[in-house]
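In what follows, structures are represented as structure tokens.
In the two complexes that follow, chain A is the common piece, with chain B as its partner first and chain C second.
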Partner chain A sequence: MLYHAVLGGLVYGLYFTLVGLGLNLMFGVMRIVNLAHGDVIMLGAYAAWALFTAWAVHPLLAALAILLAFTAIGIPVYYLIVPRLLRARDAEMLSLILFFGLQQIIEAAATIAFGTTERSIPGRVLGHHPVRILGQVLPAAWVWAGAVSAVCVAALYLYLYHSPPGMLTRAVMSNREEAKASGIDVDRVCSLAFGIALALAGIAGVFAPFMLGSVTPAIGPDLNIAAFAVIVIGTLGNPIGTVLGGIIYGVSLMLMQTFLSAWANLLPNLLLIAVLLVRPSGLLGRRVRRA
Partner chain B sequence: MGRGWRELCLIVLPTVAIAAWAPNLYGNVLLLFNFVLYITLAQGMNAIYGFTGYLPFGYVGFFGAGAYGFAIAAMAGVHPAAALAVAGGAGIALGLILTPLLRLSGAYFAIANLAAAQAVYQVVANPALAPITKGPYGVSLSAVFAPRASYLVAVALMGATMAAIVWLRNGRFGLALMALRDDPVSAASAGVNIVRARTIAWLLSALVASLAGGAFAWQISVFYPETAFDMSISIFAIVFTLFGGAGTLLGPLIGVLLLYGVYNWIGIAVPQYFQLIYGALIVVLVLFLPNGLVSLLTQRGIRVP
Partner chain C sequence: MADELLRASGLESGYGGVQVLWGADIAVAAGETVVLLGANGAGKTTLLRVLMGLMPAWRGTITLDGAAVTHETTDQRVRRGVAYMSELGVFPDMTIADNLRIGSRFAPRAARAAAIDALYARFPDLAGKRRSLAGSLSGGQRKMLGIAKALAGRPRLLVMDEPSAGLSPLYVAEVLAVLGRFRAEGLALLIAEQNVAFLDLADRVCTLERGRTVFTGTTAELHANDALERAYFGLT
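Up next, the complex of A and B:
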């Protein structure tokens, strides 16, 4: 049972890496906190559900479509709000409030459009039989979600560390002002990062109906807390560190659910606070208030 | 007469008098109570956000702790006045436990505080603690139900909180807080004990929220963990404060009167449409008026109390 919990937790944690990945990319590049991140995931879930019910589109294909669509939508949204926001005196704080407003808009619009009924996609779409890995049986959908997450992490890593626009992105991450001074078109770099961050959230959404059982327009805030826990444990502002956070989160959640289920929902919050207090900058981190 | 006394006589006292007199003119005491409550919470939020720059997203945690502190004491047969003291004590205790969070900066603090409020909620609502907190099943305080007395307590608390803001705006301590908000290193080298100053502001705002929670529990007398720890209480307090203008006395007051007024005017019937408008309002506000309504005046060099 312990072994099953750990292995399940690893796969589950890989999925939650994907849940936090976009949020962390956005914070790392723009120092803004997307409180609407969970709702973008929710939109991804509804997009996958709508594509499946209307034309029986396979979720993996839907993920590809969402990747392109959300990136394309993200870029104009960036130009609409972020440059203006970053000019404010206390942009990091104001971003929390601004994106909370956006979150309210998205949740309300989704409620009006889809109603509050729980929606789900049948698990058999991603494989009829549970998968055996290392002697343990896991649902096929979990394995797919974990695999897609791994692919996304790898792709983001290649983008950031082995591609020209990724190098510019990292320059902006380490110092926005100096990047601007050395002639980088910061807005272009950031708009792309913004689009990618939303796309990652959207892809996480495709698997949300499987991983969570069903989705409603109100799942955003809970997913957000989970995403925060993952990226704070990992390291705020370091997208690749998210993997560590996701796996710690997934494994400890599975262990709690197996051995102490009454208090399991308390775990993400306690883990988050504990990590912040012991290592305020995350397990791999930097940057704390100095005075 | 100093500026502080003038603000006290011209703004705080009239507000308290109007609020105390209002139930004679208008029958819906619960609605009036909510206005008083939100003015108090917005001013409590103002004390920490407006003067130190910390944005406590989990402010509702103190409110809920106060409500449950009051409820548990009242269910044990304690007199409501003493139960209010328990509520305040619960808030201060939670504030002390969370004081280490002040080491965090910016978004880290906001997120950690949000998680802390959620954690307190999950502990209170946990069925395993039902013998003490009644868990998710909610509490009923019909034995001490006293709408009029609890309303007046809330009004007094509102007055005291506003007076505290006047003190912060005009006294040495508030000046020290604003100095460390704008530049902690310089403030420290100018002799401000920043850890102590921050902690006092933090506990002050925790005390305000938890007493408000206690008054709330006394007023409505039947409630559930979801009501007392409703995230929108935090958000409302933040948005009202920001809309009017943080760091001022009038800003949060105007924010509550306008926005909460609009909320009650169009809100309740069609929640999704209201949520849509409210979200759009917040986005527009942050983008175009990040320093609140009062900044329309302060930008022109007019001093707003």
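Up next, the complex of A and C:
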């Protein structure tokens, strides 16, 4: 039972890495806190559900479409909101207020559009049979979600560390003012990072109906708390550190659900508080908080 | 002025509602070294930031090679061949190699690798530490990396904000020697400084007081001006 919980937690944790990845990228590059992150995940979930319901679009194909669509939408949204925000004296605090407002609007609009009925996509779409890994049986949807998350992490790593725009993104993460002084078009770099962050959230949303069982327009805030727990554990502002946070979160959640199920829902908050009290710079600390 | 590279006239600017520049003028010719002297708070950094497009000019004009650039962005000005080295000058969380790659983006694509190799040859201390983080370097080495990063894009004019800040006299001498070599190769320099040792490099000196240019001339003319001589050299 312990082995199954740990293995399941690893896969589940990979998914929650994806849940936190976009939030951490956005904070790392722009130093803004996107409280609407969970609602972007919710929008991804509804987009996948709508594509499946209307045209039977496979979730993996939906993930690809959402990657392109959310990136394309994110770039103009960046120019509409963020440069003004960053010119403010206390951009981090203002971003909290602004994105909280956006979160309320997105949730209300989704409720009007989709109602409050729980929506789901049949698990068989991602495989009729459970998958056996290292002697343990896991739902196929979990394995797909974990695999897609791993691909997203690898793609983000390649983008950041092995591509010219990624190098400029790391420069902005290292020091925004120095990046401007070095002739980097900071808004162009940030707009792309903003689009990618939304796309990562959208892809996480595609798998939300499978990982959470069903979705409603109200899932955003809970996903936000989970995402915050993941990125605070893994080190705020270090997108790749999110992997550690996701896996610790996933394994802890599975262990709690297996051995102390009544307490499992408290876990994100407990982990968040514990890390903030004991090691506020995240488990990886500042040593690896490098661009 | 022959082969005028940069000219700024009547610049006014500031932070929020606080005006710092009240009509600053400065000009740099191709291959010329101009040292911008001024006490703390005189507006040197603000003037450089306005020249580089990091802050807007409220009034006044800036031209590069005769073309008006007052409303151009920083990256557009860098593309025109002007590099800026701020007091920080480097990305501390990135490797030396990455810092130089970022600086080299403004050199022609085919010349970037050669430009970086040439800089490693001139700064052997950096060559041996390519994969080290810039933040792990000593203050002097970091300053050298800042110079190398700014020059990796093969600019015609290097604008520097207090290159001596935080350096021991030994490193100041090294920075001066390095800049002297690049100057001899035709690089134009605009250096904002409080350290009068940099006057050794200067073809012309510009002094800034309370956001206004109060003197422009050669070092000899500066020395001949009793008031300025007292202000900057503490002589009576």
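Operating definition for what follows: the second predicted complex is superposed on the first by the 286 of 291 C-alpha atoms of A that agree within 3 Å, B and C clash if a C-alpha of one lies under 4 Å from a C-alpha of the other, contacts with A are read in each partner's own complex, and residues count from 1 in each chain.
Just so it is clear, a residue touches a chain if its C-beta (ideal position, glycine included) is under 8 Å from a C-beta of that chain, and two chains touch if they have at least 3 such contacts.
If you're wondering where the values come from, they're calculated on a predicted model, not measured in any experiment.
Enquirer: Can A:S182 be said to touch chain B (first), chain C (second), both, or neither?
Expert: second
Enquirer: Look at the residues of chain A and decide whether chain B or chain C touches more of them.
Expert: B
Enquirer: Just chain B (first), just chain C (second), both, or neither: which does A:L96 touch?
Expert: A:L96 contacts chain B only, not chain C.
Enquirer: Just to be sure I read the superposition right, which of the two partners does A:R170 touch: chain B = first, chain C = second, or both, or neither?
Expert: Once the two structures are laid over each other on A, A:R170 reaches chain C alone.
Enquirer: Share the list of chain A residues that count as touching for chain B in one structure and for chain C in the other.
Expert: Comparing the two interfaces on chain A, one with chain B and one with chain C, the shared residues are 289-291.
Enquirer: What does chain A use to touch chain C in their complex?
Expert: Result: residues 164, 167-168, 170-171, 173-175, 177-185, 289-291 of chain A touch chain C.
Enquirer: Of all residues in chain C, which touch chain A in the complex?
Expert: Spelled out, the residues of chain C in touch with chain A are 52, 54, 73-75, 77-79, 83-84, 86, 88-94, 98, 101-103, 105-106, 133, 149, 153.
Enquirer: Which residues of chain B touch chain A in their complex?
Expert: 53, 55, 57, 100-101, 103-108, 110-112, 114-116, 118-119, 122-123, 126-128, 180, 184-185, 187-188, 194, 231, 235, 238-239, 242, 272-273, 275-276, 278-283, 285-287, 290-291
Enquirer: List the residues on chain A that touch chain B in their complex, please.
Expert: 27, 31, 33, 81, 84-85, 88-90, 92-98, 100-109, 111-112, 221, 225, 228-229, 232, 236, 262-263, 265-266, 268-270, 272-273, 276-277, 280, 287-291
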